[in-house]
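The letters A, B, C and D name the chains in turn, as written, and every chain counts its residues from 1.
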Amino acid sequence: MIDFRSDNTHGASPEILEALARASRGTTTSYGEDPITLRVRDRCREIFETDCDVLPVLTGTAGNALAVASMTPQWGAVFCHVEAHIHRDEMGAPEFFTGGAKLIPIEGANGRIGADDVARAIGGDMAIVPACVSLTQATEAGTVYSVEEIAALASIAHANKCRVHMDGARFANAVVATGASPAELTWRAGVDVLVFGGTKNGALAAEMLVIFDRTLTAELELRRHRAGHRLSKMRFVSAQLDAYLADDLWLRNARHSNAMAQLLAKNLAAEIVRPVETNAVFARFAPEVAARLREQGALFYDWPPFGAGVVRLVTAFDTTEEEIDAFVRATLSGEARDRGSPRHR
Amino acid sequence: MIDFRSDNTHGASPEILEALARASRGTTTSYGEDPITLRVRDRCREIFETDCDVLPVLTGTAGNALAVASMTPQWGAVFCHVEAHIHRDEMGAPEFFTGGAKLIPIEGANGRIGADDVARAIGGDMAIVPACVSLTQATEAGTVYSVEEIAALASIAHANKCRVHMDGARFANAVVATGASPAELTWRAGVDVLVFGGTKNGALAAEMLVIFDRTLTAELELRRHRAGHRLSKMRFVSAQLDAYLADDLWLRNARHSNAMAQLLAKNLAAEIVRPVETNAVFARFAPEVAARLREQGALFYDWPPFGAGVVRLVTAFDTTEEEIDAFVRATLSGEARDRGSPRHR
Amino acid sequence: MIDFRSDNTHGASPEILEALARASRGTTTSYGEDPITLRVRDRCREIFETDCDVLPVLTGTAGNALAVASMTPQWGAVFCHVEAHIHRDEMGAPEFFTGGAKLIPIEGANGRIGADDVARAIGGDMAIVPACVSLTQATEAGTVYSVEEIAALASIAHANKCRVHMDGARFANAVVATGASPAELTWRAGVDVLVFGGTKNGALAAEMLVIFDRTLTAELELRRHRAGHRLSKMRFVSAQLDAYLADDLWLRNARHSNAMAQLLAKNLAAEIVRPVETNAVFARFAPEVAARLREQGALFYDWPPFGAGVVRLVTAFDTTEEEIDAFVRATLSGEARDRGSPRHR
Amino acid sequence: MIDFRSDNTHGASPEILEALARASRGTTTSYGEDPITLRVRDRCREIFETDCDVLPVLTGTAGNALAVASMTPQWGAVFCHVEAHIHRDEMGAPEFFTGGAKLIPIEGANGRIGADDVARAIGGDMAIVPACVSLTQATEAGTVYSVEEIAALASIAHANKCRVHMDGARFANAVVATGASPAELTWRAGVDVLVFGGTKNGALAAEMLVIFDRTLTAELELRRHRAGHRLSKMRFVSAQLDAYLADDLWLRNARHSNAMAQLLAKNLAAEIVRPVETNAVFARFAPEVAARLREQGALFYDWPPFGAGVVRLVTAFDTTEEEIDAFVRATLSGEARDRGSPRHR
């Protein structure tokens, strides 16, 4: 059964599971004051080439809500793309953690907001205090922001006393896609806090707040505790992140899932409605094609916001070429299949 | 090195680690709609002998705050023991999740609140609406409530339109200690929501809301999502709980740690300042004894609220008799040790 | 000096000031349990022809935020016009009072939202629970909803388990404009709570929650207390409302200010960009006209959201024909004035 | 009918009512940017001998909750007397405005908390961040803090990174009682924000935040708006305060009510259970005395927290000697009355 529903329907990388077993040996200080958590921080400092702080959390929703709340007073406004996960999918978590801040959704092609649109929104005369610009990297449309785009957005933000949050649930995929360094894509371009995802890319449940504006750290620790996200056996989240960062597993996994999406997009005989830049393919299928795929056991979601007949196909760290091939073949009618799949043409 | 700091400084049961590896195979529906999560619910229904609902969460703080918030409007009052974890240790999580309810701390011997004291507190003429009585089972003093005590408290609560929350971070230890059934200790005695702990008793990070008053379930699911505690790969929490409940691992682990505490209390040549009913021993040490233990690498916390010189010694699912023995010996001066440890007398 | 900035830059009706002096005599029970507050409730029951509950408050922002919060859980969504005061002008008060609900702004001509647009917005697949539809009557554009429009919106709302809030800061003006009865414009059409304004129409500071869905009353009283809007000397708000409702002062004041707006719109030699239905005129002035008016001391605000050069002119209960006349004359160049103002042609 | 229930059951001073009528003339800028509001600020700067900021509000609950929230993050702790109005009587308003901070009640004789007790409470090892010490001046027991006591408390507070809030619902009575200057009783002793009451002492509904730590002002303005306490016709609150401060009306009213309490206490043949320092007398009556008084129409509240049979008798700015005399006589049995009331003996 081919599963393109999401990268979070997949399991965990073996390296990460093994790290859990190792971390279980012996006793250690609880609540994050253990050597593994410290090592993750140090590894992040190498990867990001700066003395950032690092706080592991369990979910992207928690990471995003904590980060946004650390930047946004309850009377503040957060500017984000209209499709942003924090706006559409998190059941109001940012509003909850901030105590009632307002998210201002901004339209923008291919999942990206533009600096001009953000400037205009910030300048709107609502009775609210602009506080945060939130970017999703990679976006909900599977696209990425370039270093220049991030810098332009962050510049507008900072000029208006807003901080910059980056929802990096698929940050690894964006690093691979852009070819830019983690530092270039974040603090060098003006990002204040990154929520660096692991779960969708091979971890069980592990994300981390990578805090470049370290004036926010002390408060974030208190907020994390208060929100029930300060694990007593923190080492078990940190061990996942430790294995994720070791030997560039995070990049290898992302490179693979991005490549699988490219392969899928190249071989599918279907309109691709968004640029394929990371591990998501948005394709338009005739109803009989979608039905045929589902009959044969393929799993994927319709994506009506992107147009009639559009489906979302998400590849993962463990998607195989065979699965891609089988899926592509299954899109074809019996007759077409006999002529060979597009891939082989 | 003997570690009596807490049951959360210990690792995980092998059965639980193995369950994670198994759960990682294949893909599955995310956000809790997977077969393992369903199986945990069904297993709880057997154990509790009722059609309860079950929501896995990651931390006790999250579980408690969600449960209390589901029972308490923002203008409500929560009555709990003055030593309760929700009051002293959770950085105001219940206040956050409720939107500003008030916790009313109540004094009581051995970590337990009495029905009369709760009745008096509820009847105090503060401008606040009584909404929740919160019990900790086992208590922060390592003691347990009997079935009759729970029933008396719940009866007062319900008569005053309050619901009953049970913080069961060490519920397994309480079941073993009382000999009562899970059903008797909870819904049959009037408990509306139990936060059933796994983390301190062999899991990596796994607790569950066991919801007896099922009118609260729909709201609890929304609250959990909004608080960032709805894991995408929920199966990895559920797999821990599944292994925890299978073959009574939860009871075996708790039985062992309770027995180790009894052994420790029996053999220690020190005043024991609280009844030893579960897996915590509160002992008064002369300063030189505490110092000697620490020199030899033993780890434990001073517990000043229980008196000068009092320390807390917590046993765990993997504490060994050898560790107990070594610790007891280390309490003795060289001379005394030569005469044999109390255990052997 | 002619002041068209807002109806809240004006003073209070003499009848209302006199009522304050009368109410000051003797002592009375505080916190709203006084005879004047009771009389206001009874008078509202007559006016609205139903057994509504009535809670006086001090500001429209408080009234709106309380009403919306009584209908909307913290994970709920409130659907309102993109220009709504609750969305643009109240510094996030509804988000604060609800504990972080989300306002979903909806576009709509002339300040009104349409039932189809509301249905579409409710049906959008955001992770949030539809809870409240909020209407402004009269709207921020000075227009009114007809009884039929309100009924259509309320029907969509109720079919989707949403309650209906009406921001009636200028409800009196809407009653006069529509010619419909208070009952027809509110509960008979499906409104659950009306915030009935007095301040903009001759009171000092007095609004009231008129609660048709009386299941909300007890909670609203608690919320009002908690928000610091339960006055100890409540009689002084109630006395304003009492005089406001006596002898139809509220309707007389509104009738006058509406008539002044009509007179102004009729005589102004300027494009009127919104239908003039209550006491606001949105006119487009050439820059030199606006400048000339301001030189002569006229006060009014530019209203850029309604187009370049557009200004908002608000009449009040004590605006005079002479003021209108003088203002209209001042719009004319010296030459035009000599030929006679439009009014006299 | 003699009314000793509270100073808030009384009406308003004539000077204040007249000021409202004057303020109603003409139009003025709304939302607090009017000359009367400015004049109140300037008058406060004279009275307090410093460049404080001043924000009028409508209720003491609002003022207190805003002040506390401006000092206390959602994870903060507020230390106050166990009888404090913010703790017992405001329906959790401080918890609401802070987003869930914790109030830590402290015992203390005669309504006052001691510096040592505050230091001990701050040093308790709860997971919460000490943020605010809140004093009530005059206290709920009708007593006052001396300048030295305030300074000692503020010194402890500031040494522990807490700010100091003063609930001055009866600040005027405390100024009269202590003979100290407003400056000495507040900022010179370390108070950061005073909520200076008018309502209980002759206003209709008018309090003001007197902000000595002006770094808090900008945020307090936003919070006030968001909480629905930024009146459009602000001048009508400011006009009350303007008249209250003019010609020392505030001191004259307080001096009178304090004197009436002294007279009452001196003449009453009853145990007085708290020192009478301002305008409240706590007296123990035999049941038949209380019953007799009520039969004759006297109004007052039982005050069980201060002991069996204790009642609270509050005098006001317009309490008369005749009322005191009549009340005292009514406490006497027929026989005793014939012998002359205590006053005349």
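A few notes on this one:
The rule is short, and it goes like this: a contact is a pair of C-beta atoms (placed from the backbone, for glycine too) under 8 Å apart; a residue touches a chain by one contact, two chains touch by 3 or more.
Just so it is clear, the model here is predicted, and its values are computed rather than measured.
The set of chains in contact with subunit C as well as subunit D comprises A, B. Looking at B-D alongside B-C, one finds more C-beta pairs in contact between the chains of B-D.
Chain centres here are Cα means. That of subunit B falls 44 Å from that of subunit D. Centre to centre, using the average C-alpha position, subunit B and subunit C are separated by 53 Å. Counting only residues that touch two or more partner chains, subunit C has 74-75, 90-92, 96, 99, 127, 222, 225-226. On subunit D, the positions that touch subunit C within their shared complex are 1, 3, 5-6, 8-12, 17, 20-21, 23-30, 57-63, 65-66, 90-93, 96, 199-200, 204-205, 222, 225-233, 236-237, 299. Those residues of subunit C that touch subunit B in the shared complex are 73-75, 99, 127, 129, 219, 222-223, 225-226. Residue ranges of subunit A in contact with subunit C, taken from their complex: 74-75, 87-92, 95-96, 98-103, 125-128, 304.
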